[in-house]
Amino acid sequence: MNLLYTFDLLGTAAFAASGALAGIRRDMDVFGVLVLGLVTAIGGGTLRDLLLGDIPPFIFKDETYLYLSVAVSLLVFLFHRRLAFLTHPLTYFDAVGLGTFVVIGTHKALAFKLGFFGAVMMGVMTATAGGMLRDLLSAKVPMILHKEVYASACLAGGALLYVLQRSAVPPDAAALISAATVIILRLLAVRYNWSLPRAAHRTP
Amino acid sequence: MNLLYTFDLLGTAAFAASGALAGIRRDMDVFGVLVLGLVTAIGGGTLRDLLLGDIPPFIFKDETYLYLSVAVSLLVFLFHRRLAFLTHPLTYFDAVGLGTFVVIGTHKALAFKLGFFGAVMMGVMTATAGGMLRDLLSAKVPMILHKEVYASACLAGGALLYVLQRSAVPPDAAALISAATVIILRLLAVRYNWSLPRAAHRTP
Amino acid sequence: MNLLYTFDLLGTAAFAASGALAGIRRDMDVFGVLVLGLVTAIGGGTLRDLLLGDIPPFIFKDETYLYLSVAVSLLVFLFHRRLAFLTHPLTYFDAVGLGTFVVIGTHKALAFKLGFFGAVMMGVMTATAGGMLRDLLSAKVPMILHKEVYASACLAGGALLYVLQRSAVPPDAAALISAATVIILRLLAVRYNWSLPRAAHRTP
């Protein structure tokens, strides 16, 4: 699964960059920027491992994730003006991370014998909890709860993986197809500015 | 303990509804409303199981809680205007959930050999952490920390259960009496608008 | 390690007082003040134990921490005007807590076979996560992410302990030197108003 690991690190770097940028926007100091980058990149997977009881969490078994997150956050802190040309590619890397994290999370939850709902929830959480923590630490309502088709892409990918793993499709193909589904849905959502319905709650 | 399970589901549904309503009020999209409903309904029990080391948490052993929470949240999202007549009964269901969750949490903590303080704290946390998470995700100071006699009712019920379990009272009666105490205190607090004292901290 | 335990309790009391004061400032009721005191005092160590898989967390094995935190918070709630003369000493106690918590956290993480990054991160988290939770529950951006040299002192102490534990220095001396480093750095930072660099992100 070397490809998956590469994607995983790419996604981790993209998430760390998004966290570090959020810290800079909130006028945090360098420590705050590093914490936001770290939490965004590894928060989802860490929460997943806590809930599955896979202790210590993955970040302590392979510290690559920690060093990578902090290195990326530090680069963003130092050179964020000169890295502005990366904003556009970042959307792609972020989508790759999203797809990869959903597949890793759902797959791991199924290996831990969780049911359909639990496994898909774990996949979505792996991909989205880091971003929620980032927004909470910025004292903002998590972006994912009111903006953009972000979680729905994850839900679709997680559910698809569940189905494919129970079919004749080879495991690697199932993982690839599910991740690709998340990535494509996410990029289409960005491209066409899709958003989810809201309740019409305002009283006149 | 079939009655307890019924009460548990009733409380879960009431908590999910309160979470979903909070999401609608914050203008979240349908995913956000589902997440808030889910988190409010199952957050307290999940945190309790994490702290007790009962992994995976109850929600993954019996997915009924997950499906129920999401179904209720979805109904609230779709029909919240037409469900306005349920606001009043919701207070009662919410109180039933409060009492049930306190008893379940304290009882479980005692079974895991926690001491008096730890067990009562677990009971209160089971009943209140979901609502705190709901408020955090709405970027608000948790309601329970500054308004209403909500936690005190839980504290009283948890402490009572601790005492009764060490007395000659049969276990089922102990659970029922403790839950009823929470429910009655909570409803009296709503009815008579009780609130806890604050520190007079304003400087002139 | 009787000295360490004494320092630990002193730090716990100082952290509880800082949490309770934050609750009073946010106009919380007595329950809210107790919760903020408790969470600030024990949040970091509890999160550490969750992540290390040392379940149940230390607070349930020795309830002294719980009783002490609540007692201090209650005293602050009742007498915070008359305790104003303690504001200055509180800075010292808080620094003692910081140093002690870093050493305990890093030491425990190393005993659980974590690597360099993981162990230092656990030390910093033990000392700072409680304060972050306090600020989150107050719906504020955690102070530590944008103000003061607080985390850096912890980082230095944790890294130092890692190095010393691998050297010929006796364990007790290693702990003492590391804790003292944190405390002195912290007090110097307060005294000379040090702060960390920020990214110059404002566009003209």
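The letters A, B and C name the chains in turn, as written, and every chain counts its residues from 1.
The rule is simple: contacts are C-beta pairs under 8 Å (C-beta built on N, C-alpha and C of every residue); 3 or more make two chains touch, one makes a residue touch a chain.
In this text the structure is predicted, and so the values were computed from the model without any measurement.
For the pair subunit A and subunit B, the fraction of shared interface numbers is less than half, so the two copies use mostly different residues to meet. The copies subunit B and subunit C differ by a rotation of 120 degrees on their C-alpha atoms, rounded to the nearest 5.
Separating the centre of subunit A from that of subunit B, both taken as means of CA atoms, is a distance of 30 Å.
For subunit A, residues touching at least two other chains, in rising order: 50, 136, 139.
In the complex of the two chains, the subunit B residues touching subunit A come out as 23-33, 35-36, 46, 50, 55-57, 59-60, 63, 66-67, 70, 77, 80, 136-139.
Of all residues in subunit A, those touching subunit B in their complex are 50-53, 112, 114-118, 121, 132, 136, 139-142, 144-147, 151-152, 195-199, 201.
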